[in-house]
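Presented sequentially are two complexes of subunit A, the first with subunit B as partner and the second with subunit C.
Take a look at the complex of A and B:
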């Protein structure tokens, strides 16, 4: 039974790693759709969301099945709890990528280049953060997970800078205003992706050590 | 987990070898007075040998009052031997001898001066398989008290014991029927009622649910939760989920040694020792 259970855990771990890869691709393509103003690329991101949604449900059902049938404890319990939460965060990241792609379709080639460049730099930083969080999960690397906590501050700074720049611009015509709203929405969704990536990194710390580091507390659940 | 413990205070209730079992004078029966940092049983570098074989190796453990302490570990790890030492049930094995100390309150359990029969009145035991006497339900509960010269209201004692064992409602109309007619789960609760009737201080349970079905097991587990308000409970179990459900503190033994003892919640989520982690997750044992 134990060897079988260990194999099932490994299958699940591989499965969520594959889903993480799919979500990473969606974020990359969403960012590229902003850069290249390519509606077909944006549409592809939107189309892949249903795959992520279906996989999220399948993974959740498998976690529930393993909890019910094997009643795991210790590190196995922490792994399943972490997978349950990471699964949810990945699905939300995919939703954010879809939001970015939808805004990219509206943006077209009209967006101000300086805003677009900032969004691209922000997108690059977000993808790096997401990669670190996913890599931390795959190899249970605490150092990699902790880098994600630091990286989130830089993303927040990009988002605030975007708001500041738009607010500083003079009152605009309605088509420019629509473009500004799209830029803000893209920035907001990138910022949300970074938040979800940070959540993943926090879940990795819990999975590996049992410590809950959410909300900057660093408290352990047993204290 | 940090557990601060107190030594037995100078005016604590001693264990006189001739104990009264009159409930009116036994302060330990009052749940409101339970001090959960008080050490009821203390093992200090206790080793137990069967001939040359060391079954329990230098175990040191404090059992706290009004807590449920679970002892887990693979077969042959010494957990039942350790449990049985607490009320001298190992005395029946001729080659058995001990080293180190095992104390119940201020009584040295291992000392030849300790009256094992008197000790067993205060440190009762419930076994793996229900073992009611081939007598009526009423006699099963009253027997121990009557042969120990109980002077109180016997009927009240029987009713109270059956109620505490969560069996009263099921047997109140058939107290004078043979206990053998009860189901396995009812018989086990009858054995608990029988132990309670002697008004013990500590209840030792050696895999009390291993012969029971899930419904009877759930009733015993609920009962353990209620019993700890009045008694200190120590349970040996192979069922780790049961240990997780019913106990406050869990001790993990392996090859005769105590590997780790901590709050149950911590043992089953974030144990400190790799061997504990490997055992609870089924990697060995």
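Take a look at the complex of A and C:
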């Protein structure tokens, strides 16, 4: 491929890295808004979602443009496809972060300390997973990508524990019920962020090896 | 580069060879011309001698009457000569009387021939001209017969003109051989000269070439005092200077590198295209990139590859033009770029969230691949990102805020209780019974004691923490300290029926330690132990010396401290749930005082606790305190 095309690909990689950084930041702030019950922080996360949306559209258009103009094959084609999918996942993660922030705003300072602590630990694990997946994409590191598959189980465990705790609590006043719903929603969205992060890691494996590791299968795509 | 014959060599060779050739051919031309003249002169002499001989022989018969005899003589003489000698007898009137090669009757008058005219006038005549008779260039020599006053005629002898080169075979061969030999010699000489002259130049050229490629070990061997030697010396000096300069630059670079690497601040330098130019170890640590550096260097990578933090990327995003600017524009640029962006960011790491103060400033970076243009080195605008870890600072500030809040909270509770009691007292009716009154007064008394305790603990803490305070170590009688402590707690011990046991090893009855601090630590530890040990329990104090280090171990059979809380119980106002809700709660400052007192004594504290089994706290004094 031409040097020009290589430059365009590198630009695209940098753009998606930037977007990943933005999304990571949003997730961090969403988690903090749960911790600090600060409505301004939550509002900021919600406000930044439109930046991510705009960037997602632009990256998608650029990928399609490159596919049409240069008709790449082999690893370049896999890279563009992976970018297309990772782009989509990042945008979904941003949406989840917005959901978390909205719930956090609604929750305010109502949540019980133990719930809040668990959500924070869960948030930390989710951010670590996301970090691993993005880092795996940036440096094309298979080990890092495979680490994120393992990390996902821990997140699911957090989620199940949250449900168990809430079920165990005596359902009484309506305000407690509302906060319980919020906590559940935050946990659910964090769990979905982790799922998207795992998807990103899977796309990285596909990008590097052409191997599809989704759904526990090990199908190898013809290169 | 190998030493080979270059164009310069061939130039020198050609110049030398042509010079030698020109000089040689000039010499040969002159020599041959000279030889030719000698040869011609010899021929003239020869002819003159023959003519003179003939004149003497014929002067008596030189008359018209003996014309026939003369002709016969001429023929004989002419035939007797190996060379084609021509003999002519010419009368005074120009009539030919005899000739060795032609019939005299057929011949025209010779009166106007230049040699004959000259001979009649001077006695001897000579000329060289084209003979129509024999069709050759002939040399004529004529001698007058008879006296000047009475000339009889002229004897003329002639020979074809001889040229040394034309006629003499051996001379020609000699000349050719010599010329060839000389040409050969000239070529060899020219080659040798060219080689000698260019050898040193080639060597210097080779050395200069090596120098230009950065090989500074090249040494130019110089000898003599000519210009080439001077050039060699200059090159050697230049090399030494260059090597010194490079050495200095290298040392400075390494020093700067080491400095940047050792900075406690993280530093990242990014060029105009947002690629990393420099990154130090602290930055790698703060940005959590330690796993990346093993496989590939970060320098030269796009900044997105190393920094994922969105706010940092936004800060680093170049806003100004990315064009290269020369130093002339520097003043203008610096004025624009004084603004330093500063922001506090949070970064997730394995050891929790870190707070980092990030500052971005503009910097002018020399373009590495640009050639200096006059004094202006092309520069491009880059960014310097400085990262300072302020996690501890932030935590300390948070702690201070918490302390104020906690202290006020701790004081507010007893004040509120006292106020309520006082209000009850002021609005009391006359029929309020003594019991109630006593209760209220009891509340006031207890709460004031509590307030006093909080204030006392706070003061103790600040006294220990204050850097101005110096706690002198002194010889302390441990048994007495234990007795004092027992008397303090004896009432409670009896009341709760707690078994009190003190074991002091023989070798540590007296210890070098500050008694106030030790008392403070043990008092707080025992206070906790007694408070959290149920009735019938046991509190033990062991004092042991091990290789000079004295350790005080306070063991109880109390409720223990949960694993999660163990880390935090030394923080101010931190209390385990049960302590907080107990009937006679403490101030939450006890263990904080223990910790700070231990720090002041340079001692070590180890906490070991199992829930519902008991707690064991060990205070170890360092050796030198003994």
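Basically, the second predicted complex is superposed on the first by the 220 of 223 C-alpha atoms of A that agree within 3 Å, B and C clash if a C-alpha of one lies under 4 Å from a C-alpha of the other, contacts with A are read in each partner's own complex, and residues count from 1 in each chain.
Here is the rule we use: a residue touches a chain if its C-beta (ideal position, glycine included) is under 8 Å from a C-beta of that chain, and two chains touch if they have at least 3 such contacts.
Computed from a prediction, not measured in an experiment: that's the story for all the values here.
*Asks:* Would subunit B and subunit C fit next to each other on subunit A once aligned, or clash?
*Replies:* fit
*Asks:* Just checking: does A:25 make contact with subunit B only, subunit C only, both, or neither of them? Give me first, second, both or neither.
*Replies:* A:25: touches subunit C, not subunit B.
*Asks:* Figure out whether A:5 sits in contact with subunit B (first) or subunit C (second), or with both, or with neither.
*Replies:* Only subunit B; A:5 stays clear of subunit C.
*Asks:* Would you please give the vertex angle at the Cα centre of subunit A, with arms pointing to the Cα centres of subunit B and subunit C, as a multiple of 10°?
*Replies:* Computed from the C-alpha centres, it is 80 degrees.
*Asks:* Looking at the overlay, what does A:89 touch: subunit B (first), subunit C (second), both, or neither?
*Replies:* neither
*Asks:* What's your read, subunit B or subunit C touching more residues of subunit A?
*Replies:* Answer, by number of touched residues of subunit A: C.
*Asks:* Could you tell me if A:14 is touching subunit B, subunit C, both of them or neither one (first, second, both, neither)?
*Replies:* In the superposition, A:14 contacts subunit C only.
*Asks:* Touching A:138 in the superposition: subunit B (first), subunit C (second), both, neither?
*Replies:* The answer is second: A:138 touches subunit C but not subunit B.
*Asks:* Does the superposition put A:195 against subunit B (first), subunit C (second), both, or neither?
*Replies:* After superposition on chain A, A:195 lies in contact with neither partner.
*Asks:* Just checking: does A:128 make contact with subunit B only, subunit C only, both, or neither of them? Give me first, second, both or neither.
*Replies:* After superposing on A, A:128 lies in contact with subunit C but is clear of subunit B.
*Asks:* Determine the nearest approach in Å between the Cα atoms of subunit B and those of subunit C after overlaying the two structures.
*Replies:* The answer for the closest subunit B-subunit C C-alpha pair is 20 Å.
*Asks:* Residues of subunit A that sit at the subunit B interface in one complex and at the subunit C interface in the other, please.
*Replies:* none
*Asks:* Okay, in this complex, where on subunit A does subunit C touch?
*Replies:* By the definition above, subunit A touches subunit C via 10, 13-14, 17-18, 20-22, 24-25, 28, 32, 124, 127-128, 131, 134-135, 138-139, 144.
*Asks:* Tell me, which parts of subunit C touch subunit A in their complex?
*Replies:* 274, 291-292, 295-296, 302, 304-305, 307-311, 313, 346, 348
*Asks:* Show me the residue ranges of subunit A that touch subunit B in the complex, using the header's touch definition.
*Replies:* Listed in rising order, the residues of subunit A that touch subunit B are 1-2, 5, 71-78, 209-210, 220-222.
*Asks:* Provide the residue numbers of subunit B that touch subunit A in the complex, in ascending order.
*Replies:* 1, 240-241, 244, 263, 265-266, 268-271, 276-277, 280-283
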